[in-house]
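Next come two complexes built around chain A: one with chain B, the other with chain C.
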Partner chain A sequence: MQRRRWLFSIVAILPVLAIFAYVRVFPIVEILRLSVHKWDILSVAKPFIGLANFRELMGDRLFHEALLNTSIIAFGVLAITVPLSMTLAALIYHRTRSRFAGFYETTVFIPHVVSLVPAAMAWKWIFDAQLGPLNALLSVFGVEPKAWLFDPVLSLVCVIVLCSWQALGYCVLIYLVGFKNLPNSLFEAAKLDGASGLQSFWNISVPMLKPITLYVSVITLVTSFNVYAQVYVLASDAQGAPGRQVRVLVLDMLENSFRNYRIGYAASEAVILLLIVLLLTLVQFRLLRERRSRA
Partner chain B sequence: MTSRPDIHGVKVEAPATGTGGVLPDLPHRRKKTPLADRAIDVFLLLFGFFMVLPLLLLIANAFKTPEEMLAWPPTLVPREPTISNFTSVLSSTPLLRWIFNSLAFALSSAIAISVTSAIAGYLMAKFPSRTMSVLFAVILATAIVPFEVYMIPLYFQAQALGILNSLPGLLLGYLVMSFGIFLIRQNVIHSIPDELLEAARIDGAGEIWIFVRVVVPLLRGALGALFVLAFFQAWTAFAWPIIVATTKESYTIEVGLALFQTGFTIDLGRLSAASALVLVPSVTIFIFLRRNLVQGVASTGLKE
Partner chain C sequence: MSSVEIENVHKIFGTTHVIRDVSIDVPDGSFVVLVGPSGCGKSTLLRMIAGLEEISAGEIKIGARVINEVQPKHRNIAMVFQNYALYPHMTVAENMGFSLRLARHSKDEIATKVRDAAQILGLSNYLERFPRELSGGQRQRVAMGRAIVRDPEVFLFDEPLSNLDAKLRVQMRAELKEIHGRLKTTTIYVTHDQIEAMTMADKIVVMRDGVVEQLGDPLTLYDRPVNMFVAGFIGSPSINFVGGRIARTDGAAKFLSHSGVRWQVDPRVAEVAGGTPVTYGIRPEHFALATDGESGTLPAVVVTVEPTGAETHVVADIGEDRITAVLRERVSARPGEKIHLRPDPAQAHLFESESTLRIQPSGEAH
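On to the complex of A and B.
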């Protein structure tokens, strides 16, 4: 009987496993394999070249630029999103009884679910040097108009703003779950001891929410390291050659594989991206475990 | 918004104010709102307004004449609304085709992910064995790897299958979701007691019948959340569609719009009209399915 049940479960799960292996496990193994090979699409031969691709990456100026830009975007989004979303979630949670609570939650969350490209286009118009309302607003205050999307530094700022605007809703939502799970008794005790709302937020909520903060930070970083669509729309120049202003990792990777036909080289970039993500995840688990063992 | 029985058989009254989502339903303790709370309300109202303002302006722009679009301050309600932007963009691009492609892609992906997750999640929860534990560990491990990392090999698989520039090609990247399997597994463990399945088996029910008639109905909530989550994931997908769909007829709406906005001399009115046509339905769907989606998204945070 036990054996028959085991057999049933294995047979029933096989189709799902087959799909999973084909669309997830196989390509992941393949990217690792390709990264140590030289493959130029047209040639039949794929010679093994060891770590030559990675060595070349170390000296590739475009790759450095992409890595730097992507890191700046990721940490920029982190710096804006995490503190802001925690504060917003605290306020929204505090005003749970307000009749606008649904409005707060919905409006903050909408940017996270709308299609990327139309949303990015709205911001592209806002940042537009000639037509955009941002420069018009600034000129009211006597500030010189700026070419937001054509300046290498400012265009990074624009990408960070757009990505933060989109990431915020998700972070707020996760924090709200966190606030909901905090033990109410602690806050009541603090209140009895005369703590103000701000004091309990700083001394109770922030430390107690550390695991959530950690999770939200890592997710924000990982998502931002994979940024592509936002850059594609915002920082494409007039000739329709996207990403001249802001080169990011995914863009560089796709350019190497589909414009330069260097699949092996692009694969090694993908492996670097994977290593970054693994490192971030590892740090998260480390910090979590440290916390548990201390508690 | 109706009351529904919770697991313990106690009626849980949904709040009349409709806070929804993940917020707890606290009873009204005080009638009077303190001044500080009023200030917070004003701040949050303004903040929420500014969060959606870019989208509102975009939709407003779609109805504006070229002159009004340049006006300062920008108007939220166009003075002379026109639909010429819409007619012009609809006649010059296969926009409806792209929307249809996106819809077909998102729906098929949501169905595929729900089905595969339900089957795998249930089996992994209720048929424990060493094999299953190993499989589950592998699935969790692959969840860490971002899609962008392995999409290039996946592209060549799609090419080998001859399904580039087609719905099956798009779908190839979005057939399974590690998190979905995880979510359903957790749900089965927490909400479906072994005794229930045993009782059905003693009554002579087959395993497939039990899955379809007992398990799936009990997972309705979780599957609904997952379905909506998967739908929006595919609906907003960008990197995969842009490499797989390279013919004008096979673009999804995201790809079509992205290329449309680089390929032409920038015509703000038509761009806005096209964007509005995409935004309005997806925001409407979101507002209708908000509870499901918020639930699904919130549960992604409970991974550890």
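On to the complex of A and C.
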């Protein structure tokens, strides 16, 4: 009986495992393998070159730039999204009696489901130096028009804004679930203890939502480290921006593999990205466990 | 410390009228218990005093001050919630000192007050623990501590013992009463448990459907309930009701049950006209075991016998009416056997069947 149950479980799970292995595990293993080989897509020869790719990466100026830009974007998005989404969720949650609660939720969530490229195109237009409404708006307040997508620093800001705008909806949704799980009597007790709304938020909601915050942070960081399409549409040379404005890791990998035909080299970049994401995830899980161990 | 006056208070949620014209006077330093079945509005009333619900109409005063429009934090009240509502991420000390911290008291002052309160409640060794590391009774005490450190004018308790097991509940009941005796802070306490109400209150307010049914000290409610609801709600095991009418033979009044059994009535209620439909109410302990032939005894067929040691609970049928009697004696009767019970007519109540109001015996004080 026990054995038959086991057998059934394995048979039932096998198809899913097979698909998972093929689309997830196999590519990762393949990347690891390729990263220590030299390969130009076309040739049959795939000589093993050890850690030469990684050694080269150490001195690759473009790679460094991409790594720096990606990190700035990822942490920038994190810094904007997490506090903002928590605040928005708090406002929506505590105003649920409002007739517009559903409208607010939808409004924040729409960017998350909207197709990425058209949304990015819309933002590209907003940031446009000559025709963009952002500059038009700023000029009302007497601010000089800026070349948002051309300036190396400002274009990074633009990417961060776009990515945050997209990530926000999902984070707000997760936070809303968190808020709905907080017992209402805690807020009532705090009210009687003399806490203002802001004090309740800071002393009750923020610490109690810590697990949610950790989850949201991990998701946001990992997603942002894989940023590509937003940058490609908004600020890469392919879309007419001069030079290589915002080089990110994924873009660099693509160029190395399909423009420079250096698959092995690109794979080693992917390995670095994998390690970074892995490390960040581990750090955050450690933080989570620290909280639990106090429990 | 302060008195609390509730005057003609109403609460309306949308189209539901939850509290209807309630007036209660809570004297300074007293312990008043609001009791009633769930949904009777007792918790809503408490939350209105706390400021967690708005007052639809009427006035609530704490001391001389009308607090209808006063923010909860300025009402100078402290509340203990049913689920304690302790802040799970704060230690016991932080939980207790939270209100003082918000009020910007100095660290030393907070520490002193928290230590004093912990002393009263026997929590001194637990100050650095988190709520999840405490037992139910300890959490309950922390919730009380949080209320005590604020030194409020009024304590509000919302079913504080209902999450505890039976033994702990009895123990905490005594502790609460003892603490009240020591601090003498005006206390309003909500419960659905009439035993809690009876044992703790200076004054009980029995509520039903948003209306005060009766207000008085525990024994008055027990001995002279105004209607069948209060009579049935107070007391355990609960009072026996027997339906019937008043019958007069030779001028002397008797109670004639629907199944034709004649019960003696208190001569003081003898003025009730013959034929009036009434309900006879008698508490289980007002039956005595008798032998056949004695006057005023009624034959009863035993249904179950439950010895509790100190006394015996007998469920029996008198005519077609099933009654519970609590007897001092040990009863060896088996189910189906016939025994004789003598109700004490002086302790029995008659209620008008229509209005359910108690017929007041002549000469009884209000």
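The rule we apply is simple: the second predicted complex is superposed on the first by the 287 of 295 C-alpha atoms of A that agree within 3 Å, B and C clash if a C-alpha of one lies under 4 Å from a C-alpha of the other, contacts with A are read in each partner's own complex, and residues count from 1 in each chain.
Note that in this section a residue touches a chain if its C-beta (ideal position, glycine included) is under 8 Å from a C-beta of that chain, and two chains touch if they have at least 3 such contacts.
As the structure is a computational prediction, the values presented were derived from the model and not from experiment.
With everything superposed onto chain A, say whether chain B and chain C fit together or clash.
fit
Who does A:D193 touch here: chain B (first), chain C (second), both, or neither?
second
Report the partner of chain A that touches more of its residues: chain B or chain C.
Answer, by number of touched residues of chain A: B.
So, does A:E144 touch the first partner chain B, the second partner chain C, both, or neither?
Touch status of A:E144: no partner.
Between chain B (first) and chain C (second), which does A:V114 come into contact with in this model arrangement: first, second, both, or neither?
first
What is the angle, as a multiple of 10 degrees, that the CA centres of chain B and chain C span when seen from the CA centre of chain A?
70
Check whether A:N203 is in contact with chain B, with chain C, with both or with neither, and answer first, second, both or neither.
Touch partner of A:N203: chain C, not chain B.
Can you give the closest approach of chain B to chain C, taken over C-alpha atoms and in whole Å, for the superposition?
The answer is 6 Å, the least C-alpha separation in the overlay.
Going by the contact rule set out above, which residues of chain B touch chain A in the complex?
Within the complex, chain B contacts chain A at residues 17-24, 26, 28-29, 33, 36-37, 40-41, 43-45, 47-49, 51-52, 54-55, 57-58, 61, 69-70, 72-74, 116, 119-120, 123-124, 127, 129, 131-132, 135, 138-139, 142, 144-154, 156-157, 172-173, 175-176, 178, 207, 232, 235-236, 238-239, 242-243, 253-254, 257-258, 261-263, 266, 268, 271-272, 274-276, 278-279, 282-283, 286-287, 290, 293-294, 297-298, 300-304.
Quick one: in the complex, what on chain C touches chain A?
Of all residues in chain C, those touching chain A are 50-52, 72-73, 77-79, 81-83, 85-89, 98-99, 102-103, 130, 132, 146, 150.
Can you list the chain A residues touching chain C in their complex?
Of all residues in chain A, those touching chain C are 183, 185-186, 188-195, 199, 203-204, 207-208, 210, 294-295.
Under the definition above, what is the set of chain A residues touching chain B in their complex?
5-6, 8-10, 12-13, 15-17, 19-20, 22-28, 30-31, 34, 88, 91-119, 121-126, 131, 133, 136, 165, 168-170, 173-174, 176-178, 180, 197, 211-212, 215-216, 222, 225-226, 228-229, 232-233, 236, 238, 240, 242, 250, 253-254, 257-258, 263, 266-267, 270-271, 273-274, 277-278, 281, 288
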